[in-house]
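Quick one: structure below, then a few questions.
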Amino acid sequence: MSQPVLSLAERNQSSFELPDVQAETPAVPLVVDEAGIVDLRYPITMQEASGTSHQTVANTSFAASVPTDARGVHMSRFVETLHDWHRRIAVHTLSALLADLSGRLDAQEVIAKFEFPLFLERTAPVSGGSAFVAYDCSLEGRLQSEVADCTLTTRVPITSLCPCSREISDYGAHNQRGSIEISVSFELTEHALLEFGDLIAAADEAGSAPIYSLLKRTDERYVTMQAYENPAFVEDITRAVAAALRSDLRIRAGRVRVVNEESIHSHNAYAAIKWAH
Amino acid sequence: MSQPVLSLAERNQSSFELPDVQAETPAVPLVVDEAGIVDLRYPITMQEASGTSHQTVANTSFAASVPTDARGVHMSRFVETLHDWHRRIAVHTLSALLADLSGRLDAQEVIAKFEFPLFLERTAPVSGGSAFVAYDCSLEGRLQSEVADCTLTTRVPITSLCPCSREISDYGAHNQRGSIEISVSFELTEHALLEFGDLIAAADEAGSAPIYSLLKRTDERYVTMQAYENPAFVEDITRAVAAALRSDLRIRAGRVRVVNEESIHSHNAYAAIKWAH
Amino acid sequence: MSQPVLSLAERNQSSFELPDVQAETPAVPLVVDEAGIVDLRYPITMQEASGTSHQTVANTSFAASVPTDARGVHMSRFVETLHDWHRRIAVHTLSALLADLSGRLDAQEVIAKFEFPLFLERTAPVSGGSAFVAYDCSLEGRLQSEVADCTLTTRVPITSLCPCSREISDYGAHNQRGSIEISVSFELTEHALLEFGDLIAAADEAGSAPIYSLLKRTDERYVTMQAYENPAFVEDITRAVAAALRSDLRIRAGRVRVVNEESIHSHNAYAAIKWAH
Amino acid sequence: MSQPVLSLAERNQSSFELPDVQAETPAVPLVVDEAGIVDLRYPITMQEASGTSHQTVANTSFAASVPTDARGVHMSRFVETLHDWHRRIAVHTLSALLADLSGRLDAQEVIAKFEFPLFLERTAPVSGGSAFVAYDCSLEGRLQSEVADCTLTTRVPITSLCPCSREISDYGAHNQRGSIEISVSFELTEHALLEFGDLIAAADEAGSAPIYSLLKRTDERYVTMQAYENPAFVEDITRAVAAALRSDLRIRAGRVRVVNEESIHSHNAYAAIKWAH
């Protein structure tokens, strides 16, 4: 059925005292743990404590808790907050962002999450040529009962070479692309903050060989032999990285997960260790 | 550099007493919580307690814990177990599958997970025409310290219509495709098992209107008006479904998450409630 | 603003002589080449000419051309057609399906496409153990100016080992998971139909070694050495498969594309050859 | 089996006169149409003709043809070229990039492709608040027989409201997120270049309403009513955009494809028109 069409002016005119439906009393008086937005892609500037900054693209998610007496959150405030902060995303600015978000939403608990590729320039081992390698990262902050926590996650690509295949074969050994995913949670206090660089450093040498975007022939020879000299199961790599990180007492909870894109199979192999202090 | 080539026969001949590298002592004596395979796609037969069975395709993952004195797991045993069981996957057969897996891997803790679309035939509300609707499901079993637990997850597609948009507009209201994801964990005892049907039933009527694959014009009129008559925020839907499930004492831990693919935005809105008994 | 609510009965009652909006004259009198549905997941039975049938899950797409004097297609008819045919999908039934679709939509040109994993049981080379390997396949039929054409696409997973890496290194050679994608188009005549098996057979031996889901240690030794003995660039594999298929005169147009998930990089290498008769 | 381990110095020492395996004569003397890299994620600066530049992240692909007398391409040269050019990617620099690539690879035919989100700031229709909206774009250049061609593709998110649903219902109308994908090919001559802005402008007003990232309540009322006043089928939108672009004689070949994420279904509806001059 057809409707009378209003002009833009008429629409605006009649739009002054619009009811606030989100502020109504909900039919079911339950606290909603998280209500917000997900999968909003946004350009961000990721700042390291060192001062280095990275222009990248993030998949963002913001949320707030909803008390028993409110029907919903005002979703547009998440986007306003993201837009105000998108050029200064960092571990050291996260607690301020969470406090701002908590105030704008008038919420006890808020969450802000950014998933993005961090590009670091890598130098080939022999030729010295350099190019960018992408490290998938996630920065998540949570404000709960006045404590701000942070969870950093990084995925570091590696080459892994199978110790069993090398040992049982007269020549050759199957090897493949793999990745080391490290996730650590810690409190956002003044000092003692972790950075993505700390996690990447812990993983970078743990595979059979690192991954590069640019390798000339002399480099290819180098990494081929380096991998053959350093065979490692997913279990070996997971244990080595977990052992190195467990001693860091800033980490409240940590998890290491290594995945191998098995070259002799269509499926992947993985191993995982988690811990808490 | 070139290598002497062995014939197939020679290779087999020399392959008799191959060393068991996985059985070696690891360099780092840490327990590995999970070591196994992921992303192995496999045809499965999913059986309901009612006797109905579904031929579908699963993305599978199997894992086992690794003690401090073993270097790795024998990955091929996961595939052998999957192949033996793939025609009888069910909530009521899961504890037997886990026990079998635990024995084959000689592991205290094992995990088996299956993610697959479950196809249910749906009848259009007016025309009565029927077609299949896909419900993304996940069946995960864990055996830990001799207790077998199960986690069922289902995603039910819905239409949602925005109460705010309807209230503040002279005509129309934005609506969109959404989904209700329900995840429940419970102990795999003899009795009191939950099934995917229980979760789908809890979600199916909670949106502004259900989703169908086949709708004739009379059905389209019906669901359009049904949605307009039943506006709901993601928070409303989440609360309604959570309230309905929290009373089920078989559920040790549950979570409801509703996502709206906002028709007026490129990003999504969501709400989530979790609980434990 | 609020609306009077109709009962289900009233809605149905008033739904008898609904206008056919799709049949209206369009504002812009252009032929629409394709109008239809995409991404409808459906359970299907894929039948081989041999009689073997496979229960799998397809991502389906159906479309029809729209003449200058019609505003749109009746989308529900695609779903009705799919539901009627989903248990007898095959190369040899495709032209009948297209003819049926053309009649139901009253369209000169129609398209039906099914993308699904085809699971074939593979036997390990030494142990003889067997398990399923997934081959991503696509079956597409087009009826245009009374000629029915078919395009078959298959992706065959392989292991590839780099000839350069092997040649320049004192020991070892990087290898990785790769895939051979073959796409062939031909006319759907009574005889001379191609099947997915023909394509998989052409690709299966072209890599450095085939991929298996289940490999015991003796098999792992076998395929590791087999790959080392058969180094191949993506260009080598592409040329070998293209050369084998170009002689098949049933193929009107063909394409071979090989992708290597480089184990020493995060990016992939590929090569492609296409031809037409 | 174990191998003598070389030091880094020894490896380098022995790496001087490494054979060029790619330069060998291939076993099968076929031209390879494309050989190169895909899925290399890289930070890029996308420059508009206007001078505006965008920092974003691209999924890149580079390739070259391989003559019958060469076994393969030197893949590392693609990465070197990308690294040299990644800060000046533009329609007006593309032919120079292709010429450079052709020289480095000594290839008659080369391809360079960049897929990335382009972020444009959008202002809400009533409140005037602004935020970024992501437009998925693709820039592809091909040099063939000394002619450089360019293909630009843009995906513009929209809201679409169903004319049939509105017409047959007493109130409401189903609406959903949709997208208009425009792809145009043209020759890279000195003048008459198209830009992404030209395509986005052609699509932006063609839906029932545009998509925004930030909408306050007054804006939500506005776009809800705007969509209700402008119902459109995927066929309507496709025809309108195609009609507007077909008159642009710079375009050698064009395609418009509109997809609706139907709010009453789990599958999508689409329409497509293509043309060539």
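Some observations on this one:
Going in written order, the chains are labelled A, B, C and D, and every chain counts its residues from 1.
Heads up, the rule we're going with is that contacts are C-beta pairs under 8 Å (C-beta built on N, C-alpha and C of every residue); 3 or more make two chains touch, one makes a residue touch a chain.
None of these values were measured; they are calculated from a predicted model.
Touching subunit B and subunit D together: A, C. Compared with subunit D, the chain whose C-alpha mean position is the greatest distance off is B. For the self-contact between subunit A and subunit B, the two sides draw on mostly identical residue numbers; the shared fraction is above half.
Centre-to-centre separation between subunit B and subunit C, using Cα means, comes to 26 Å. Averaged C-alpha coordinates put the centre of subunit A at 34 Å from the centre of subunit C.
Counting partner chains per residue, subunit C has residues 3, 6, 15, 18, 40-41, 134, 164, 167-172, 213, 215, 217, 221, 225, 228, 265-267 touching two or more of them. Remark: subunit B residues 3, 6, 14-15, 18-19, 21-22, 26-28, 30-41, 63, 66, 71-73, 75, 163-164, 167-168, 170-172, 233-236, 238-240, 242-243, 259, 265-274 touch subunit A in the complex. Taken in their complex, subunit A has these residues touching subunit C: 133-134, 157, 159, 161-162, 164-165, 168-177, 209, 211-213, 215, 217, 220-221, 223-225, 227-228, 261-267.
Against subunit A, in their complex, subunit D makes its touches with residues 1, 3, 5-6, 8, 11-12, 15, 18, 20, 40-43, 54-57, 76, 79-80, 82-83, 86, 117, 119, 125-126, 129-132, 134, 166-167, 169-171, 213-218, 221-222, 225, 228-229.
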